[in-house]
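The next part holds the structures, each set out as C-alpha cells.
Below, subunit A partners subunit B and then partners subunit C, in two separate complexes.
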Partner chain A sequence: MSRPRVDTVRLTGAAATAITASALLAVIALLAAQSIPAARQGLLHFVSANDWSYRAATFGAAAMIYGTVVVSAIALLLAAPLSFATAVFLSEICHRRLRMPLKAAIELLAGIPSVVYGLVGVLFLRDLMGAAFERLQWNAWQGDTLLTAGILLAVMIVPTMTTLADDALRSVPARSRDAARALGLTRAESVFSVVVPQARSGLVAAVLLGLGRALGETIAVFLIVGRADNRLPESFAGAMRTLIEPGQTITSKLGGAEPNIAAGDPLHGGAIALLALVLLSLVLLVTLAADRLRTGTFAEEH
Partner chain B sequence: MRAVRPCAGTTGGLRRAGTARGVCFRVDHDSSERRAFSLGQPTQRAGPARRRPPGRSLWAGGTRAVLALLLVWPMLSVAAAPRALKINGSTTVNAVAAEAAEILRREKKMSITVDTQGGSSGGISGVGDRSIDIGMSSKPLTAEDRAKFPKASFAGTQIGMDAVALVVSADVWNGGVRALTKAQIRDIYESKIVNWKQVGGPDRRIVFFNKEPGRGTWEVFAAWLYGDTKRAPAVRHPEVGGNEETRQKVAATRGAITQLSSSWAENHPKVKAIAIRLDDGVAAAPDRATIASGRYPLSRPLLFITSGPPAGDAKTFIDFVRSPRGQELMRKHGYLGMSDLSTGTAKGAR
Partner chain C sequence: MLTILCTFAALFALAILVAMIAIVVIRGAGGLSWQFLTTDARNAGAAGGIVYHIAGTLLLVLTAAAVAAPLAAGTGIISHFYLPPGRGRRAIERLLHALNGVPSIVFGLFGLAVFVRFLGLQKSWLAGGLVLGMMIVPTVTVAFTEKLRAIPRANIEAAFGLGLSRPHVVTTVILPQSAAGLVTGVLLGIVRAAGETAPILFTAAIFAGATLPRGIVDSPVLALPYHIFVMAQDAFDPAMTRNLWATATVLLGIVMTFSAIALPLRMRLHEEARHD
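Then we have the complex of A and B:
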C-alpha cells in the first residue's frame, strides 16, 4: 500500500538533489564556455596585466585581483582578533544566562542584508573616513577608498567569524577543561594552552569562512570602494598609498555597468565571465579548505 | 600540538566520565517518557515509530499537492500578469521617462517598468537582445552599436536635446575656475594636470569623477575629446554611475570635477557648470540659448531606441513624450524640447 508513495517521495528527493548538485557544475561550465574568447587572449595577461579598458579591448585584471585581496586582507586583520576575543569570552568566560542572548544577537547581526551595511557605509563611514583623512592631513582624495571598504567588510564578517569560532571552542569537550583545571592550570592557561589549541582547525575554518564572505561581498563594497580601474602600486610605499585611494575589486566591477554593456560582445563578455571564474575559484578554494578543517575537528572529537 | 599532548592522556582517563554522562542522558530521556505516560498525555514524543504510517501518507499527499502547485502556479501568474512595457537606459532620459510612465500608468492604466541599468549602452544592448522594449539613450546610435547586434534593426526617435557640462565643486568655482579649453580638459582627464592652480584655480589636487564608460554622458565627452571613444586612453579615476550619485559626490568632495548632464547642475549651491573656451577665445556656457544655437560643443540628442519603428505600447509611450505635454516635461527637467531646436527635425537620431 505504501510502496509507491515512498517511491514518489524518493524520486522527488533524488530529482531535487540532482538539480541542486548540477547547479554548481552548470555555473562553472557556462562561465568556462563563455570565457573562452577572453582566455584565448592569454590567461597570464589576464591575471597579471594592468590595462582593463573595454573600449580598447584590453582586459588585464591585476588591479581588481589586487583590490579584492587587499580589501579582504584588511577585513581579516581587523575582524579576526575581535572575533576570537569575543568568541573566547562567549564560550569560556561569560555566564550561561548572558551567553544565550549575546549569541542570539550576534547571529542576528550575521543575517543583516549586506546592502544595509552598504548604506551605513555611504551615510556614515565614508564621511567619517573623509574627515579622518583630512584631520590626519594624508591628502586622500575623499572617503571612498580600499581601506574604507576593508573596514566595512570587517564589521560585516565579525558576526560570522565570532559565531563560528564560538562553535569551534564549544566543541572542545568539557573534560579537557576539567582536566586542565584539575592539573592546576589557571583559567587563562586552560583556555590558551588547552582549549584554543584543540579548537585550532575550527578557528582557522572560521577565519576562512569569514574570508569567503569578504571575497564575495558585492554591494557594500561597490558603494564605497570608489570604483577606480587600474590602480596598481609599484612599490611598498605605493601600496600603502593605494589603501587610502579609490580602487576596484572583482565584485565591484561585476556589480557595475559592464556586464550589461558586455552583452553581445564575445570578448568583453568573456573577460567578465573569466573575472567571475577567478572570483568563484578563490571562494571555492577558501570554502573547501574551511570545510576540510571543520570536519577534521569534529572527527577528532568522536 | 605540543600543548594538546600532555592533556591527551588526561582526557583519555576522563573518557569514562563522558560515557557515564551519555548513559545519564538516556536515563533522563526514559524518565521523561515515563512521566508523559504516567500523566496520561497523548504519546507525541513517546511513539514516533508507531505514528509514522498515517503520517507518511499525509506527507506524500502534501508533497503531491505542493508539486502540483509548483507546476501550475507559474502558468497562473503568467496568465494573470499583463505584459509590461520595459524601458531601460540613460539616467538623463530616465528623469523624463519615469514621470511620463507615471502619468500613463495613471491615465491609461498601462503597465510600464523603467530602469537605468548600464546607462545608454545598457539600454541599447537591451533592445539589441530583445530583453526590453524601449532603450533610453543620451548618445547617438553608432555603427559600432549596430555591428554588435547585426540581427536587430535599431530605430532612434529623438525627444529633445541636452548638453554635457563639465561640473566642478563650489570651492573650485569660487577659486576662479569658470572656463577651460579643450586642451586643458584633455590634460586633466589624462592626469597631466593634477592641481587646480595649473589652470588658474586654488592650490588643490584635482579629483576627477569619471562617468562610467557606457553612460551616454561619458560617450559624448570621449567622442568630443578623442574623435572616437575607442581612442580614449585607459584612466585611473574613480568611476560614478547615475546623475544623482555623480552630483552628490562632486558636491561632497573638494577639488572635484566631473562630466554631468547640464540640467543637473542648474541652480545647485555646491556644483557649478563651467564654460568651454572655444578656439576663438569665447567661453561657451552650457545654458539653454547657447545649446540651442549650436555654439556649445558638447550637446547631444536624447533618444528612445526601439527594435524597428515604434509600435503598440512603445509607440503610445514615445508619442506621449513627443506630444506638447511630454515636451513640457523635458523643459521642466532642464532639457531642450524638439521645438527649441533650430531645425526641429530628428537631427542625429538615425
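Then we have the complex of A and C:
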C-alpha cells in the first residue's frame, strides 16, 4: 500500500479548468454589472428607441441592432447556398483524391484575418460597389453601405460554413447512399432525399455558427459599413433604401471611439456594456443552439 | 444538373477566396523589401518599414500562447482523464464552444475594463496578450482533446496495469502522446490571435511611437493588424497604400505559415478522431 499523496496533476488541472470555465462567466458578469446604470433607464427604450447620442445622454440602440440583423441576414442569404453547394461538391461529387487538398485550401482560407478582408473591402469592394451603384443609377452616394458590409461578411463566412456543412454531410453513413443508389435513385435524388435530410441538424448548425461569426465580426464591418448613426427605416421601401446607405452595426459602434470616450461616465459606459451584452446574448443563443443540434447528430451516430 | 451546379459553386467559392489572396499579394509584393521588414515606420506609415509591428505582433501572440497552452492542457486533461464521460465533460465542452463564440470585440471590452483599467496595466502588451490568450483557449483545448481522444485505450490501460498512479500515467503516457495536439492547437490559436484587431484595439496596440516594450504597465506595442486597420481608414496617399498592401501581405504570410505548419497535423487528427 502506497500512502495517499496529493495528486498535483489533478490540482493544477482543476485550477486551469476553473480559470477556463470562469472566463465566460467573468465576461458576462462584468458586462452585466457595468450595464446596470444604462439598464435602469429602461431596457425597452434601449432596444427600440433610435436616439443614440452620448452628448444628449440618450441611448436607444435600435438602429445598430437593425444594422447587425440586416448585415448578418444578407451575409447568410448569400453565403449559405454557396457554402452548401460547395459542401455537396466536396462530400458527394468530387473525387476522393481531390477532396483533401480542397478541404485543406478551405481550412487555410478560413484563417485569413478579418482586417485583411476589411482592407480588401475598403480598397477594392467599396469602389466596385460604388461603380455598380452608379451604373444601376441607384443614387447611392458612396460604396460604404450595409449591403457592402453584408457581401464582405458573406465572403468571410463561406469557409467556416463550407467546412461545417461538409462535416455534416460526411457524417451520413455510406450505407445510406449505397442503399439509395441500389434502389435506383440518381445521385441528385439520393443527395436530396437521403443525405441532406439525415444531415439536416448538422447543416442547420453550420448556418447558425456562420451566423454567430457574422453577428460578432467587427473589424471588416467597421471599415466598410459607413458608420452612420441612427439610420432606421420607417417603411419597407425605406428599408430597401437603407441597404445602399451607410449604417451602423452593434460591433462597428463598439469598435469605434466610444468605449474610450465613455471612461468615467457610468451611464455612457453602461450603454456600451449593455450593447455588448445584447450582442453577446445573440451570439451565445445562436452558438448554443448550434451546439445542441450538433450533439444531436453525434448521439445518433454512436 | 446537381453535379454541374455544385461544381460551379465550388469553383466560384474557391475563386473568390483565391482572388482575395491574389489581390493582397499582387498589390503588396511591390512594397516588400528587406529594408521594409527591418526598419521602423516613418511618416505615419507612408515610409520606412514595419519591424516593430512584426515584433509587437509576435510578442502578443507568444504571450497569448503562453497563457492559453497551460489552461488548455489542464482543461483537456481534467475533462478527458479525470471526469467520467457524461455531464461534467459535456458541460465543459459546451462552455468551450460558448467561449469560442464570444465576439472578439467583447473580449476587447472585457480587457479594457479588467486588465487595462481595474488591474491598472494601462495599454500594455501583457493586457493584449492576456485577452488574446483568453480568446484562443477554446481553439487550443479542442485540438488538444481531439488528440487525447486518439490515444489508444490499450496504452493507458497498460500503464495502469504496470501499477502507475493516475498522475504518473498523465505525465508518462498521456502528455507525451498528446503533445502534438497541444502544439497544433497552439499554432491554430496563434493563427487566430495574430490576425485579430478588435481585442487589442483598446488594450495593447498604438499606431506609432512604440518600439520594444521595456516594462509591463503602460507598455503598448505596434501590431500588424492594428496598423492595417488604422491606415485603411484614410488610405488615399499612394505611398501609404503601397505600404498598406505590403503590410497586409506580411500579416497574411505569417498567418498562412502557422496555418500551413498546423495543417497536416490537423488533418491527420481529424482522420484519427474519425476512426475510433
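The definition used in the following text is that the second predicted complex is superposed on the first by the 296 of 302 C-alpha atoms of A that agree within 3 Å, B and C clash if a C-alpha of one lies under 4 Å from a C-alpha of the other, contacts with A are read in each partner's own complex, and residues count from 1 in each chain.
Keep in mind that, in the parts below, a contact is a pair of C-beta atoms (placed from the backbone, for glycine too) under 8 Å apart; a residue touches a chain by one contact, two chains touch by 3 or more.
Quick caveat: nothing in here was measured; it's all calculated off a predicted structure.
*Asks:* Touch check for A:I151: first (subunit B), second (subunit C), both, or neither?
*Replies:* neither
*Asks:* On the A-aligned overlay, A:R55 touches which partner chain: subunit B = first, subunit C = second, or both, or neither?
*Replies:* Touch partner of A:R55: subunit B, not subunit C.
*Asks:* In the superposed arrangement, does subunit B or subunit C reach more residues of subunit A?
*Replies:* Looking at subunit A, the partner in contact with more of its residues is C.
*Asks:* Which partner does A:A199 contact after superposing on A: first (subunit B), second (subunit C), both, neither?
*Replies:* Neither partner.
*Asks:* Touch test for A:D291: subunit B only (first), subunit C only (second), both, or neither?
*Replies:* A:D291 sits against subunit C, while subunit B stays out of touch.
*Asks:* For A:T8, decide between first (touching subunit B), second (touching subunit C), both and neither.
*Replies:* The answer is both, since A:T8 touches subunit B and subunit C.
*Asks:* By the touch definition at the top of the document, which applies to A:N260: first (subunit B), second (subunit C), both, or neither?
*Replies:* Both subunit B and subunit C are touched by A:N260.
*Asks:* Where does A:A165 make contact in the superposed view: on subunit B (first), on subunit C (second), on both, or on neither?
*Replies:* Neither: A:A165 stays clear of subunit B and subunit C.
*Asks:* Output the subunit A positions appearing in both contact lists, the one against subunit B and the one against subunit C.
*Replies:* In subunit A, residues 2, 5, 8-9, 12, 260, 263 are touched by subunit B and also by subunit C.
*Asks:* Which positions of subunit C touch subunit A when the two form their complex?
*Replies:* By the definition above, subunit C touches subunit A via 1-3, 5-10, 12-14, 16-17, 20-21, 23-24, 70-75, 77-79, 82, 90, 92, 94-110, 112-114, 117, 134, 137, 141, 165-167, 170-171, 191-192, 194-198, 201-202, 225, 228-229, 232-233, 235, 241, 244-245, 248, 251-252, 255-256, 259-260, 263, 266-267.
*Asks:* Over in the complex, which subunit B residues touch subunit A? Could you list them?
*Replies:* By the definition above, subunit B touches subunit A via 1, 3-4, 7, 10-11, 13-15, 17-18, 53, 56-57, 59-60, 63-64, 67, 117-119, 121-122, 125-126, 128-129, 148-149, 205, 207, 212-215, 222, 229-230, 232-241, 249, 252-253, 255-256.
*Asks:* Residue numbers of subunit A touching subunit B in their complex, please.
*Replies:* The contact residues of subunit A facing subunit B are 2, 5-6, 8-9, 12, 51-56, 58, 127, 130, 139, 141-142, 144, 173, 175-176, 178-180, 182-183, 193-194, 197-198, 226-231, 246, 256-258, 260-261, 263-265.
*Asks:* Within their complex, state which residues of subunit A touch subunit C.
*Replies:* Going through subunit A, the ones touching subunit C are 2, 5, 7-10, 12-17, 19-21, 23-24, 26-27, 30-31, 34, 81-83, 85-86, 88-90, 92-94, 100, 102-109, 111-120, 122-124, 155, 158-159, 162, 187-188, 191-192, 209, 212, 215-219, 223, 251, 254-255, 259-260, 263, 272-273, 276, 279-280, 283-284, 286-288, 291, 295.
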